[in-house]
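You will see two complexes here that share chain A, one where it goes with chain B and one where it goes with chain C.
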Partner chain A sequence: MAQRTVTIASSVGLHARPAALFVEAAQETGLDVEIGRAGEDAVDATSILGVMALGAKHGEEVVLTADGEGAEAALETLVALLSRDLDAEEG
Partner chain B sequence: MSLIHEQQVVLDLGATDRHEATRALAETLAATGRCTDLEAFLADVRKREETMATGLPGGIAIPHARSAAITEPTLAFGRTEGIDWGAKDGPASLVFLIAAPEGASDAHMQVLPKLAKALMKKEFTGALRAATTQAEVVAIVEAEVGDVVVTPAPTPAPAAAPEATPAPASSLTLVGVTSCPTGIAHTYMAAEALERAAKEAGHTMVVETQGSAGATPLSPEQIAAADAVIFAHDVEVRNAERFAGKPIVDVGVKKAISDGPALISAAVAKASEWKTNPAASAAAPAAGSAGLATKVDSKAGIGTQIRQWLMTGVSYMIPFVAAGGILIALSFMLAQVALGENGAIEIVNYNLTSDDAYNIAQNFDILSLTSWAALLFVIGGAAFGFLVPILSGFIAFAIADRPGLVPGIVGGSIAATMGAGFLGGIVTGVLGGLVAKWIASWKVHKGVRGVMPVVVIPLLSSLITLGLFITVLGRPIASLSDGLNDWLTSLQGGSAFVLGLVLGAMMGFDLGGPVNKVAYFFGTAGLAAAGTAADAPALTVMAAVMGAGMVAPLAMALATTLRPKLFSEPERENGKAAWLLGASFISEGAIPFAAADPVRVIVSSVLGSALTGGLIMIFGVTLRAPHGGIWVLPLMGGFLWFLVALAAGVALMTTIVLVLKSRDKKLETVDAVATV
Partner chain C sequence: MSGDTRHGVGVSPGTAVGPVVQVAPPVRPPADEPAPADAGAATDLVLEALAAVAADLDDRAAAADEHAAPILKATALIARDKGLAKAAGKHVGAGLGPAHAIDAAVEEYAAQFEALGGYFAERVTDLRDVGARAVAAVLGVPAPGVPALTEPSVIVALDLAPAETAALDRSRVVAIVTEAGGRTSHTAILAAQMGIPAVVQLPDATSLAVGTTVAVDGDGGSVTVDPDLELLEAQRVRRERRAAALAGVSGPGATRDGHAVALLANIGGVDDAVAAGAQDVEGVGLFRTEFVYLSAQTMPTVGEQADVYRKVLEPFGDRRVVVRTLDAGADKPLAFANLGEEENPALGRRGLRLCQALPTLIDSQLEALAIAARDTGANVRVMAPMVATADEAAWFASRVRAAGLPKAGVMIEVPAAALRSRHVLAEVDFGSLGTNDLAQYTMAADRMEGALSDLLDPWQPAVLDVVAAACAGGAETGKPVGVCGESAGDPLLALVLAGLGVSSLSMAPSKVPAVRLALSLHTLAECRSLAEAALSARSAADAREAVRAAASEELTSIL
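Our next item is the complex of A and B:
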């Protein structure tokens, strides 16, 4: 079981569009990825509704967990994604 | 405040693509005043949609944007047959449009997680799909998502947020203004609700009620001491410039009654936001140099704005219609008793200016019933003389605030004098208001600015408005009247039914305006020509003219009784008076309806009145009285047929006006906003 803690960098938090980008990336890993606040129930990181329901804000720390082959690498990718300000990248 | 409103729910969007659906939902936000610039907001949504489609698994779409055109965080909801919204698992049938003001990232973030959580539940989406009324949808959504109260200071760093949140213990001083079109009940209910909510939240609040009982204005000291201002109003706040520079929460009056505590929270939020950044959150009405901005200017599309202008004018005119009309009707009743059958005819000869016995000022006899009838008639007539000037003046007032009054009222008076009727009054009101507003927008030297609202704007706007009306706009109206008169004379040889139709249509067209008057004078002129002849065709023409002129007010009275929901509160009030006015052949009783919604009311009025006119010509009802309505029924030849024809026309017009009004969903929304 791989685990990473990351601070949300998106300036308005993990809301619709950043959430969707994140979910897409999580789905691409092909693994069971979960995201949640430390000490709270985690949600399925491949479910857009679940991630949006989490409502992680800018500056909040979230815990990512994944199981299976290549989990470490997959989490690295996702951590890198969340560490970017996804909102600043819109056109 | 309430995130979703019944008016922001569209049970069947009927749209074929996501842009259409988004536009339909955004229009509901514009209608409730939460979106100030439809196109700008749609552009923001589209931009967001282009970056990434907002369709979600499970047949859901959540188009959304933060936009400068949005006044408060809000949701609109609509159902579709299934529109491709970019989700992998298929088209979306539940659409939530999420809108948040620019910079209010916190509010945005409060809505989304809650909504997402709710959307994961099958019961929630199932209930939304099964809901049959808009109220049901609102209840379902509010139960899950709840009311999101905007937390102040949308600071990006969460660490800073706690400091920015106002301490619950701190007591603020709030002031408010409430008003509604009739100024009777809702103004005071809203004030009470606000004061109670403020007290419960530990704040001090004083509310100025701009109702019909007159306002006790807030003192300048009270306003200066206020931390925030709440406007809960459906007609313009008078002297809004007094609140310049204060943070203002600006909503409809209903909001205060239904949701006082939320408004108080919003005001508190604004106050704390204002303390950190006064420029950004100071209210728009404060920005104008002379404080001329009004609610209608900034909050709605042009169609809604025009309707609100007209409604403002109408709401000020209604008391004049009621007072004048009822006095005249009473006068007819007394005259019937005092003078017998011809009383209602005789009494219209009385005035204040002639040198003969008809001058009631010189010949008033306290013991004479005729004198009393004449007195009532003269007073009622005087009140009617103000209909067009007041209508015009307060249309201009709605557009340009106080400086609009002068060009509006004077213009309306000229329109009436020139025989342009209430249509002319609408023209002078809108023109006067726009001109006054335009002049008020001039950038002028500081030294001149002080005298702008008192001298310069009224002077120039009156000159421009009336100059234009008298020289350019007045002439077409005059020639219109002349042309119609000639045309009518040439028609008289034709079939009686067609003549009746034409006269009826004219009576119903502008309800006391020039076209109506041409038809009426045609009738009375014929009456004079007929002299004492026992059975002249002119007597039938007179009966047709009078019957047709009674249709519009009676039909509108019936319409407001049958389908009150299609009408605003002031219209319903006026509907009650319209029974008496219509029965007394006072076509003006329908003007408030026609002024508020000209196309639908005039179209149906023309058709209904024409039918009555035509039928009376066929039936050959005769009438020797030039006026009097049902009070001169005994004078008619064949009055039962007169009643049959009248009933037919009223039934036709009522049906048409109800169909036209209920077909337009947008109108219902607008009316609901104007209804207080």
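Our next item is the complex of A and C:
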């Protein structure tokens, strides 16, 4: 099982737009990905409601885990995504 | 021949023709929904409903502009959420029918988000929207809200929530018709702001068949089903004559003999300010500042407020901008300044009364306005809502001056302030009549109660008496008194107001040209005799008819 820790860079935390981008990316990996705080129950990273209910704020550390083939590479992509201020990048 | 013509209340001028699009009312799970006989089938129904909602939202996202598309896509993601489907499935297993199961699952997540507060709590609206759509899909009824518009349409609803009105695609809405609502309801104000003809209080509006062509007359307040060519032609001629007449006058407002009556815009946000700033208006007579606060969960900082105010002030250069300080209360509660529930919010601690209870609210707003005024060099004047006494006026004026702002005024919307205007105005630099609330308080009629629309008619002679009393105090103290209620945008009533001594009229920018024309066709002496005629009438209808009969035909022929 692959595991990575990352700090939420989005200035508004992991809510609407950043959360949607993250969940879409997690769904694209096709793997079972979970996100949570260290030492707490993790949530399904492909569930937008689960991710939003986590309520991760700007500057908070979260732990990502994934299972299966390509898990390391998948987490690399997701960590890179969370390390950017997704809310500042207006499309 | 045209089909039947129904009569309501015209609240936003102009005429338009188009097919009816009905806005479906909100859906709740039926109280008598039975427990599912087959849990597996009921779960499938839930999953199909959620999938259909997701697919519909994706379709709408594909057709939406760059602003709306990401929001719709994110909402589709909620509908497709595995956690939501699982939670609803669990409720089905526990014996709830599919509609109740979806509702219960949505409410569980909503409670979690609300507990998180801030940005997360704001997403609850999207979540409940998904829930309501899925419940509608389960029940086989139309999805609530405004459907996606594919052609220019007439929007018909029982009533529209402010959020629904604001979200309308302006390029595809030619008119708005509601069965409920009133002269001063949000629909009326927003339609006028958008320059879209609107009729409220139309009997059986919700029974108009979808797709039927209707002709809407926002001046006369009528809606005609399947209009014939003759009617359409008459409306077209009137539209053209009106456009030609209105194009013939421009610039500052004045009577035919040159008595100045400033023509100003009512605005409620940055977009309004940018739009109104580009219009032929002499400034802003009412800038409603609530939008800065209403969606915020915590008090905006002085810096954040100043940023917004700068954006509102800039489009007006050296033209005046009259800012109404925060008008919140129990009916428009703020998350960070809530004094609790009240039995009668309209008569409770709202407006200045709330600010007296929480002075940091008003002080930070005045500080932010002073910063924005200094940075932009704008001609800013501030006024307080819900002032009833001279002491309240003095309290507000002292705080405005302490903040370093040049001019303080009061809204005159409580009859007490109008009747005692000579003492109230002595404390400040100007007064502004808020005729919507003034009518509500003079007639003891809730302005949100559509059934009381006739009592709230600004032509009610009692309301005009109260306006006259306020103007008398203005004349005595030498302080200017303006009008910023929707009545200022009625060309005939504007003449009456000018005759009573009002020195500025502030309205939705779309209403300015007709008022400018009305003033230019009458002398001040004629306005005074029209005011006399209105004041001596027995009823609102008589007052309106008396003024219409005596006004210039050049004006009445295009109204």
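We take it that the second predicted complex is superposed on the first by the 90 of 91 C-alpha atoms of A that agree within 3 Å, B and C clash if a C-alpha of one lies under 4 Å from a C-alpha of the other, contacts with A are read in each partner's own complex, and residues count from 1 in each chain.
Basically, a residue touches a chain if its C-beta (ideal position, glycine included) is under 8 Å from a C-beta of that chain, and two chains touch if they have at least 3 such contacts.
Not measured: the values here are computed from a predicted model.
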* To do: Look at A:G36 in the shared chain and tell me whether it touches chain B only, chain C only, both, or neither; answer first, second, both or neither.
  => neither
* To do: In the overlay, answer first, second, both or neither for which of chain B and chain C A:T46 touches.
  => second
* Pick one for A:H58: touches chain B only (first), chain C only (second), both, or neither. => first
* To do: Using the touch definition from the top, say if A:S11 reaches chain B (first), chain C (second), both or neither.
  => first
* Asked: Taking the two structures together, which residues of chain A meet both chain B and chain C?
  -> 12-13, 15-17, 20, 47-50, 52-53, 55, 91
* To do: In the complex, go through chain A and note every residue touching chain C.
  => 12-13, 15-17, 19-20, 23-24, 43-44, 46-50, 52-53, 55, 91
* So in the complex, which bits of chain B are touching chain A? -> 47-48, 50-52, 54, 56-58, 62, 64, 105, 108-110, 112-117, 119-120, 156-159
* Contact set on chain C toward chain A in their complex -> 66, 70, 73-74, 77-78, 81-84, 109, 112-113, 116, 119-120, 123, 126-127
* For the chain A and chain B complex, residues of the former touching the latter -> 11-13, 15-17, 20-21, 47-55, 57-60, 90-91
